[in-house]
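Pasting the structures in now, so scroll down.
Heads up, the next two complexes both have chain A, just with different partners, chain B and then chain C.
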Partner chain A sequence: MGFDLFQNLATGFGAAVSLKNLGFALIGCLLGTLIGVLPGIGPIPTIAMLLPITFGLDPLSSLIMLAGIYYGAQYGGSTTSILVNIPGEAASIVTCIDGHQMAKQGRAGAALAVAALGSFFAGCVGTVFIAAFGPPLAAIAQEFNSPDYFSLMVLGLVTAVILAHGSVIKAIGMVLVGLLLGLVGTDVNSGLTRYTFGISELWDGIDFVPLVIGMFGIVEIIRNLERSTLPRAQFSARLKDLWPSRKDFDASWRAVLRGTALGSLLGILPGGGAVLAAFASYTLEKKVAKDPSRFGNGAIEGVAGPESANNAASQTSFIPLLTLGLPSNAIMALMMGAMIIQGIQPGSAVMTKRPDLFWGMVASMWIGNLMLLVINLPLIGIWVRLLSVPYRLLYPAILLFCVIGIYSTNTNIAQLVLCAAFAVFGYVLLRFGCEPAPLVLGFILGPLMEENLRRSLVISRGDPMVFIERPISAILLAATVAVIALIVLPQFRKTREEAFQ
Partner chain B sequence: MVRVKSPQDLGAGAVFALIGVAGLYFGRELAFGTAARMGPGYFPTLLSILILAIGIIVAIRGLTTEGPPIEPVQLRPIAMIIAAILIFGVLIGVVGLALTALLLTVFAAYARREVKLTETILLGAGLAAFTVAVFVYLLGQPLPAWWGR
Partner chain C sequence: MNIAPKWLLHCAGPAAALAAAVCAMTTDARAQDYPTQDIRFMCGFPAGSGADVLVRYMAEKVRPVANRTVIVENKVGAAGNIAAEHTARAKPDGHTVYVHAASAIAANMHLFKKPPIDAAKDLQIAAGVNKQPFMVMVAAGSPYKTLAELTAAMKQKGDKASYAQSNTSGKVMGELYKQVTGIKAVEVAYRTANDSLNDFASGVVDYGMMDPVFALSHTRAGRLRMLAVSTAERMQALPELPTMAEAGVPGVELLTWFAAMVPAGTPKPVVETLNKWFNQVLATDDAKKFLNSFGGDPFITTPEDGQALFRKHVKDWEGHVRAAGIEPQ
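Entry: the complex of A and B
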């Protein structure tokens, strides 16, 4: 096992260290940092709009770049949280609380350094986590049959809904709507078209680039424009003493360890990922602190913990996707889409059939984290200067990149109409308190769920008991019931609300 | 007279119920089949019924449980941004990326009340030059740079 791991990592580094792949990792990290720094655009629309560009790349390069955008955004997001109190990215919201206080007290340098070093450490641990847990999980997944996959997806979707913030029942509704939207197009079994309304552009199904860009990118622009004050940076902190003091180190290394452990675990859970990890870590740090009143007034643990946690989680959230073929959050759904476009079905087969792809990605993440440390610490001045670009100049550019991304996937005006329609749809639903992320998860899983349900019921001749009779499936469904039972418990509800307050 | 306690929930419930009904109505001609031999209508019908049920539950909750109000909708941003997207779609194949990018920038700028026209045109020209250089020439994306191509 230990030797295998070494050999596998060697394969991975061999694949990732080519000049081309290093270049794509760098591009991904730079782009990720950029969008992490800029408020008003997050990793989800960015990855969606860059998908068309990756069509021409080989699978490994494109995944390396897209993954770099995701974890790069976690680094970049912390910079703006600390310096200007604007979270560039959802996972950095909690970093604002204490990070910006530290900046006000003239300790911005220490906060930034601790955030970057903590993130780097967490990223390394997360990468080792993937390398260690990937193969055993994939081995388990090889035993999976259709009923087990169906139950796994049920468990994944239910957990994703419960661990995300917002109303649970509305999120379940959104998942179901997503599943239904995923079925639009030609049914592979009967050859009949479903819900296409005679529009030939829908025969292949709804393209997910216009859907994601419409519901995330465009809605975000509209919402920013509705605010009376546009997101704008007022930067005044000094950056002297970038290196944290001895005292800062002593105060933060335990928080980094706790955040890394918590983030690594929460990242694996469906619905987990960077945002939940950051919130949970902040809550934990406050709980274990000797003097909780320091939090909110510039406690360095409040930066070190969540920043480590969100980065660890953004790494380990690749585990369910790469081993089980189950995307645990909207970004992983996008990565899954990117793999499918490249002709790779995510799941345990990736590791056996394309070890260079799996291990290459793992290796590239470690390399990427090292690059990010360099990109973020010494070059911080450049990123900060970018913040002075006013939003009124930024959003037309974002909009333009979004529509170019959509048009490039399929040079057809129907895609833009679709994007506009989903923007309105997403806008209306958001007004009614429904988040778009669960819909995207359902959308990507819709056809898979139907296919596995169909196969299961064919095997069992229509008997639904098959889901309980197969042990793996039964365990997964029992876990689903347990998760649903949790949400009914008042204690869990309280903790869940606290974690997202 | 029933009082709406949570307008957001009532709205969301109505949207879900509508989608559920639409799913059933537009899927009515798809064969349902049996569990052992699922027809193309089996899973969609199942989902539509669940969506409808959730819609009804959420809507009822909107009448019984207090919740936050719906933020007022501002027409200008959403209308102008949607218009900009559609105009891009109509014009890109006709006049090419350079001019379309400029026009999209102008439309997008009018999503705000205060527009600085000179600044907007300069921004549009800059974005046009950048995107043509990067997307058309550098990345070779399938976009026409100018008309007639």
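Entry: the complex of A and C
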């Protein structure tokens, strides 16, 4: 096994390390970083538009470039989360919580560096993970049926409550509002539309991009503008301040390790693995921290853990695609399309029939991560300098990019109206001291939870015991009960309140 | 009369767009001058969806044939109806072409309470693109080797049997199959076909009505088996696979076909030109290979035959929607 692993990786590096393939990896990573940094412009439209160009390339080069865009966007997304509180994509929402606080305290450089280093480490581990355990892990993911997914989503939603640092009641309220927003659109089971008020733009549900940009980005801008003196971010160009201190490293390395482990495992599961991983890692860091009160006020572990987790997960989310031909998210589905066009049927056959392609891609993931580190570390200085631009000039630019990003997702004005509505809604929530992060988790996981709940019950012909009879589901539900116990136990509640008053 | 200077028309990018706008404002381009500006292919699904991949492929291939810039524009929403309405209301000059499943636009006439257009009246089929079947699938380890065996076993199993579907066509096909054979299997709905794979493998669902992309990839990987196609004739891409009628279940017929649609009232020469371009692309081996890899055949047709098929599908879907008990939205 060990020998095979090295031989396989050698095959892969042999295929991936050609000047041409390195060039495509670089183009992909640069493009990805760029679109990741521009709020709202996600990797999906970019990959879709580049797809026809890849028809003419050889399969490995085209897949390497597309994969580069994917990781690049992950890196770039954390940059905007930290600097301007706008998550480039779902998995970097958690990074906003502490990363942006760090930036406000003049520690943007440290946050960006830790995010980049943590992501690189997680990417390396994720790559080895795919090479060593891909096939057996894919087999485990195949054991997940509807009841197990339902229980996983329940666990995810309950842990979302811990995310918030205000009152538990408000956090639960936010999760529920998120669930309701997630239900808008066409119901999978009956085919009927719900909560659409006859507006055809809502039939496919509320889009993620306007919701997140409205509630995070625009609200942040309003909050900054309502101060009588516009904020001038503390800014220091001294190299010492751009780089994490010894203390920062001490605080974050364990978080990186834990985040990587969590992300590698959760990434394998289809459907939002990277998002779940980032949230789970944040929750875990807050649980194990000696002083949880630092979270939400610029704790570096709150950046290191989730950033490592989402990057590890975005690596391992290739496992179901490469070994089973199952795309675990929309980007993987696009990659699958790219493979089919190239005449390659994604799945275990790729490994045996085209080992150069399979292992070449695995190797290129590591190369891509290294390139991103090389691209991003020098850029930190430039990004941080961006904060010294007077806010009265910066905010219209941010607003403009947000609007372009939202409009470009499907060239529909209705999305901009939605974004404006969510900005107002988000501002009201802010005034009431409610946080948007649990809402977003409810929004993402809620529809999946409902769908799997109803499907489980159709399959079991209405018998709820199905959730306890299946071992995976039973374990997940037991974990959920344990988390609830932690929340309601009086002692925990006391420390929790002490921590946040 | 075209009064824009020739050199302006040859400029790429914004200059050409501007020139085109000037042309459009000043005078109607004559049909024989077509195309006089950039051509827009409308796509009713988001960038990156299966339909989008197909539209972008056609745009890429039509571009050199037409010797014109072809832009893909995603107008997403209402199951393709927003793009359909946009196309129907566009200027009927052949510069706005909706490349989409004509069968789905026909179906929408009955899936919507108030369809925004009268599909077969407001849209003109300029050319076909592809024909795709739906497949009756079982798990690779399933004991049923033919559709007849499956049907017999499902009759035995009664309402303990379950089947998977992940979209309207699959739902209709499932209902029609049940009505023709009198079996009582329970429908299990999935958001995407891929979500159903674990349930196929563990035997939770006995069979499924699935799309060809999903069906082909998992059949090749050895996880699922195809029993029959839903089309009236066998597919060139899968010559060994029987139709449902051949396999003993007549009366279940479902065909998905993509077409290039233009607003009604588009001059005939323009429609003919589009038809020529598409058919030229579809006749290439490259296009055949591309369409086959997604489980479809190239669909080469005339505008007249295409329109007749379109009208037939609008009529057929009325029955389909009623048969499947789908409530119009």
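The criterion applied here is as follows: the second predicted complex is superposed on the first by the 272 of 501 C-alpha atoms of A that agree within 3 Å, B and C clash if a C-alpha of one lies under 4 Å from a C-alpha of the other, contacts with A are read in each partner's own complex, and residues count from 1 in each chain.
The criterion applied here is as follows: a residue touches a chain if its C-beta (ideal position, glycine included) is under 8 Å from a C-beta of that chain, and two chains touch if they have at least 3 such contacts.
All values reported here derive from a predicted model rather than from experimental measurement.
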Quiz item: Touching A:P52 in the superposition: chain B (first), chain C (second), both, neither?
Solution: both
Quiz item: What's your read, chain B or chain C touching more residues of chain A?
Solution: B
Quiz item: So, A:I172: does it touch chain B (first), chain C (second), both, or neither?
Solution: first
Quiz item: Of the two partner chains, chain B (first) and chain C (second), which one does A:V209 touch, if any: first, second, both, or neither?
Solution: neither
Quiz item: Is A:A122 touching the first partner chain B, the second partner chain C, both, or neither of them?
Solution: neither
Exercise. Name the contact category of A:I218: first (chain B only), second (chain C only), both, or neither.
Key: first
Quiz item: Is A:A90 contacted by the first partner chain B, the second partner chain C, both or neither?
Solution: neither
Quiz item: So, A:L322: does it touch chain B (first), chain C (second), both, or neither?
Solution: neither
Quiz item: Shared contact residues on chain A for chain B and chain C?
Solution: 52, 189, 192, 411, 458, 461
Quiz prompt | Contact footprint of chain C on chain A as seen in their complex | solution = 44-45, 47-49, 51-52, 55, 142-146, 186, 188-189, 191-193, 200-201, 203-204, 270, 324-327, 330-331, 333-334, 336-337, 340-341, 343, 345-349, 409-412, 451, 455, 458-459, 461
Exercise. Provide the residue numbers of chain B that touch chain A in the complex, in ascending order.
Key: 8-9, 11-12, 15-16, 19, 23, 26-27, 30-31, 34-44, 47-48, 50-51, 54-55, 57-58, 61, 67-68, 70-71, 73-74, 77-78, 81-82, 84-86, 88-90, 92-93, 97, 101, 104-105, 108-109, 111-112, 119-120, 123-124, 127, 131, 135, 139-143
Exercise. Would you pull the chain C residues touching chain A in the complex into a rising list?
Key: 46-48, 50, 52-53, 56-57, 59-60, 73-79, 81-82, 162, 168, 171, 186-191, 194-195, 197-199, 201-202, 204-205, 213, 217-218, 220-221, 289-290, 293-294, 326-327, 329
Self-check item: Interface residues, chain A side, partner chain B - complex
Solution: 52-53, 56, 167, 169-170, 172-173, 176-177, 179-180, 183, 187, 189-190, 192, 194-195, 197, 218, 221-222, 225-226, 392-393, 395-397, 399-401, 403-404, 407-408, 411, 413, 415-417, 419-420, 423-424, 427-429, 431-434, 449-450, 453-454, 457-458, 460-464
